[in-house]
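These notes are about the structure you will find just below.
Going by the order they are written in, the chains are A, B, C and D; count residues from 1 in each one.
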Amino acid sequence: MVPEFLRQGSKRAVIDLGADFRFRRVEIYEEWYKVTHAAPSLLVEAVYGLPELYREEIKTARIVGNPGCYPTASLLGMAPLLKAGVVKEGPVIVDAKSGVSGAGRSPKADLQYAEMDANFRAYGLVRHRHTPEIEEEAGRVAGREVRVVFTPHLVPVSRGLFATIHLPAARALSDAELFHIYRDFYAGEPFVVPLPEPFLPQTKGVLFTNRCQLAARFDPRTGQIIVLSALDNLVKGAAGQAVQNMNILYGFDETLGLTAPGIWP
Amino acid sequence: MVPEFLRQGSKRAVIDLGADFRFRRVEIYEEWYKVTHAAPSLLVEAVYGLPELYREEIKTARIVGNPGCYPTASLLGMAPLLKAGVVKEGPVIVDAKSGVSGAGRSPKADLQYAEMDANFRAYGLVRHRHTPEIEEEAGRVAGREVRVVFTPHLVPVSRGLFATIHLPAARALSDAELFHIYRDFYAGEPFVVPLPEPFLPQTKGVLFTNRCQLAARFDPRTGQIIVLSALDNLVKGAAGQAVQNMNILYGFDETLGLTAPGIWP
Amino acid sequence: MVPEFLRQGSKRAVIDLGADFRFRRVEIYEEWYKVTHAAPSLLVEAVYGLPELYREEIKTARIVGNPGCYPTASLLGMAPLLKAGVVKEGPVIVDAKSGVSGAGRSPKADLQYAEMDANFRAYGLVRHRHTPEIEEEAGRVAGREVRVVFTPHLVPVSRGLFATIHLPAARALSDAELFHIYRDFYAGEPFVVPLPEPFLPQTKGVLFTNRCQLAARFDPRTGQIIVLSALDNLVKGAAGQAVQNMNILYGFDETLGLTAPGIWP
Amino acid sequence: MVPEFLRQGSKRAVIDLGADFRFRRVEIYEEWYKVTHAAPSLLVEAVYGLPELYREEIKTARIVGNPGCYPTASLLGMAPLLKAGVVKEGPVIVDAKSGVSGAGRSPKADLQYAEMDANFRAYGLVRHRHTPEIEEEAGRVAGREVRVVFTPHLVPVSRGLFATIHLPAARALSDAELFHIYRDFYAGEPFVVPLPEPFLPQTKGVLFTNRCQLAARFDPRTGQIIVLSALDNLVKGAAGQAVQNMNILYGFDETLGLTAPGIWP
């Protein structure tokens, strides 16, 4: 529908919540989604809709490929470290946990209350479709190829998303240094909240808001950096991010409509 | 299917989990269920499958109409008082709360995890189909007509059923006297557990068991008796009760297959 | 502390979230709370802080006794019927269900997640302290004594309160007539939402808002009216109502600070 | 207390649910637990109480150090691969998620229902005390040092534990080959259930049982093996395992008292 919308003279842009305009290389999209792209010639006009990485490009974009919950939490969590050059080669492990609303509204037997209640499980191992999207954008930030192992889980809550990311460190880092990397990278950002030691993200701290909470720790015994990233999959992980992109496109205050206080301050 | 099963020479009986053989008067069934009964001539052979009221009849029955969760909790809660003659005329109020599994396994939008989670609501007001079944059996115990206002609710748990019953008292009663009425009525019953003061039923105390917990209190200010009744809708409220009926029919130990310990002792 | 606050020249009033200024007759407070009132002479200056009943008095009050969740849900549910004279003598049955936050923040063993999860139970039978508060205010609306049987329950949700109220009807009423009684009584009210047939209240429809949803049905078989009332115990049932009272006292827009959208529209 | 119990002539052995006898090297225990060991001379008599690894030694042990939920799930998940030699050098990432009962019964503000409900979070990053226990036992199985990054999480369920383990593969493996490694390693084990493709573990499949469900997948893109391990933290992760050890010590049938069916077959 995007080409049709653009032809109808939509003044500025289409913000697409689907996956079609999140990839730069059509062959990656087609390989992972097992479909033929319906409008590959438009890909050059598309911008990846993560404002913290592409705010300037979004301002003048005609198509914004709005990222979903898993890539948003993962990329906001790892981008500062990749940019700072403190991650060495080797797979990045993303262990992500999502509330049930992330699976959509169509009634399914295994998402009924009585099935999902008290239950906890992984799904989509090894080849989940969000893997290449995270890899492509992580690679652009890092300036080199980044390989990601992405394992999603379903937890018995309505909403909320939590990503635990393990990255091999290029050198030893203090927790204070890690915090400064995040604080500087996200300086001025209205919706990204790096937490200083000893605080750690929790989903209830971001529910019903467009915020993403972040924290990172270095493990000197193994040389790994552990990053925690929490957001509400229905706000910063979807519709809230689309509103944020719309605000940027139209020159509105970027926080317009996105200032509801949440449950916990 | 019941006539067909009986014709095929099934040795003893059919235990029917549907509603067709729970009523003595076909017109009540047809009025509340809005269908024509398929085998009204068999009604005289059917016994209402609540062992605590009809154990002797079940032993030789050809058809057992196995009651569901709401009537079982309601009738076990009110029968001792009706039998003892301590309830005066006037409507009996049954406010019942059920876990989501009570609504069946077919996927429905309003029973999806993300809809039902954190939610709480009433449904089926005024004319819920279990009303006449409770009235008919309560009337038989009381030896007079009993009118019931039955209001079911859905609570966000997988399983468990709790009925709060208000009955107008014929006279003042102490809590000890109430307990003795229950203790005597259910003497020797393996699955009904009247609780002495100060204990009150809770669903977690009966989950995964065939037990029903009961307690009653008298309110001298209003002359009402408040009865609490808790059971697991998937065990004593359905399949467990059917197994209990089968054990009675076949002369097995009545607790066979029904002795799993539950969560809380 | 209230006398001290008033002496310190607090310009307008004290909004008290405790129970001390919710009663007109000190002996009722002292009987049910088992304490001696610390400032009985101030009771004549106190107004019961339910804006839908006492908005005019609140405007000039020096003390507002802010009602809690159970009385607010109960009184908003029964006031229109009592005022309209369609309720006859006889006990009013209030079966109320509250989320766990209603029990306060002090850590208690039986409110720990692992105890309360999947559990459902009644408490405080027969003599819960909110009973006389509901009776006193209901009686004032009705212009006669009203007796209430109040049975609270705890359900495994963080927040949300649902009251199911049974009242004996003075005459037959249609559901449409019942709706009109509520619609007229609450005409212009910003936070009370009577629902027309076939809609029924549910807690998720009011969570995080200052709204109260209401619906009523008449049962011709038993002559009872069943009223459903849902609110968020932490907003309209407590802090939100206090803010509403503050807005009234200071002449602010009554909805100031209370327009957050909730989860469901 | 263990020395005292042994002195009192306890016929066979002490099964200790604490951490004191889970380590072979007293200095590791003392470093991570920040206490001085009270009976280091008894360590040589202690056996690590994981029957699937040390059944023969447990039969004649005087002290069994009963492992808890995290090490049990982690070690059952990684042992077959370490033994088979298909894991190369490099940190093993264990992302583990536990129900709230894993945090004990003492009332704590952050474990109250209203705090923990709908919430999801990590804790104890980098230096959780179960790390060295997992490393020591994993190293013994592997015949070389194994480094583990262990990150525990709390999920809003009463019980259930799920570990997602990432190990660097020494070579490419098919999913069938992985299944055979697990099936052979656990041949004859009554409580460990490797699942063939396409099944994956889920906590509801093991709740209330002494079972551990396992599955593994190879990711050819990154050379990582992902292992999923699910158990009930209150049974196989604690008391059930202690009963299993007691059965072994006394020569009872190893499944005695541990055959309750659980929720799902």
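The working rule: contacts are C-beta pairs under 8 Å (C-beta built on N, C-alpha and C of every residue); 3 or more make two chains touch, one makes a residue touch a chain.
What you see is a predicted model; the values in this text were computed from it and never measured.
Trainee: How would the chain A/chain D interface be labelled, same or different, where same requires over half of its residue numbers to be shared?
Mentor: Because over half of the interface numbers appear in both copies, chain D and chain A meet with the same residues.
Trainee: Where centres are the averaged C-alpha coordinates, which chain has the largest centre distance to chain B?
Mentor: Result for max centroid distance from chain B is chain A.
Trainee: Between chain A and chain C, what is the separation of their C-alpha centroids in Å?
Mentor: Going by mean C-alpha positions, chain A sits 43 Å from chain C.
Trainee: Need the CA-centroid distance for the pair chain B / chain C, whole Å please.
Mentor: 32
Trainee: Can you check how far apart chain C and chain D are, centre to centre, with Cα atoms defining each centre and the answer in Å?
Mentor: Spacing between the chain centres: roughly 50 Å.
Trainee: Any chance you could list the residues of chain D touching two or more other chains?
Mentor: In chain D, the residues touching two or more other chains are 115, 117-118, 156-158.
Trainee: Which residues of chain B touch chain D in their complex?
Mentor: Within the complex, chain B contacts chain D at residues 117-118, 208, 260-261, 263.
Trainee: Under the definition above, what is the set of chain C residues touching chain D in their complex?
Mentor: Those in contact with chain D are residues 99-101, 105, 107-109, 111-118, 156-159.
Trainee: Spell out the part of chain B that touches chain C in their complex, as residue ranges.
Mentor: 90-91, 93, 95, 97, 99, 115, 118-123, 125-126, 147-149, 151, 153, 155-158, 160, 162, 164, 166, 200-204, 207, 217-219, 221-224, 226, 228, 230
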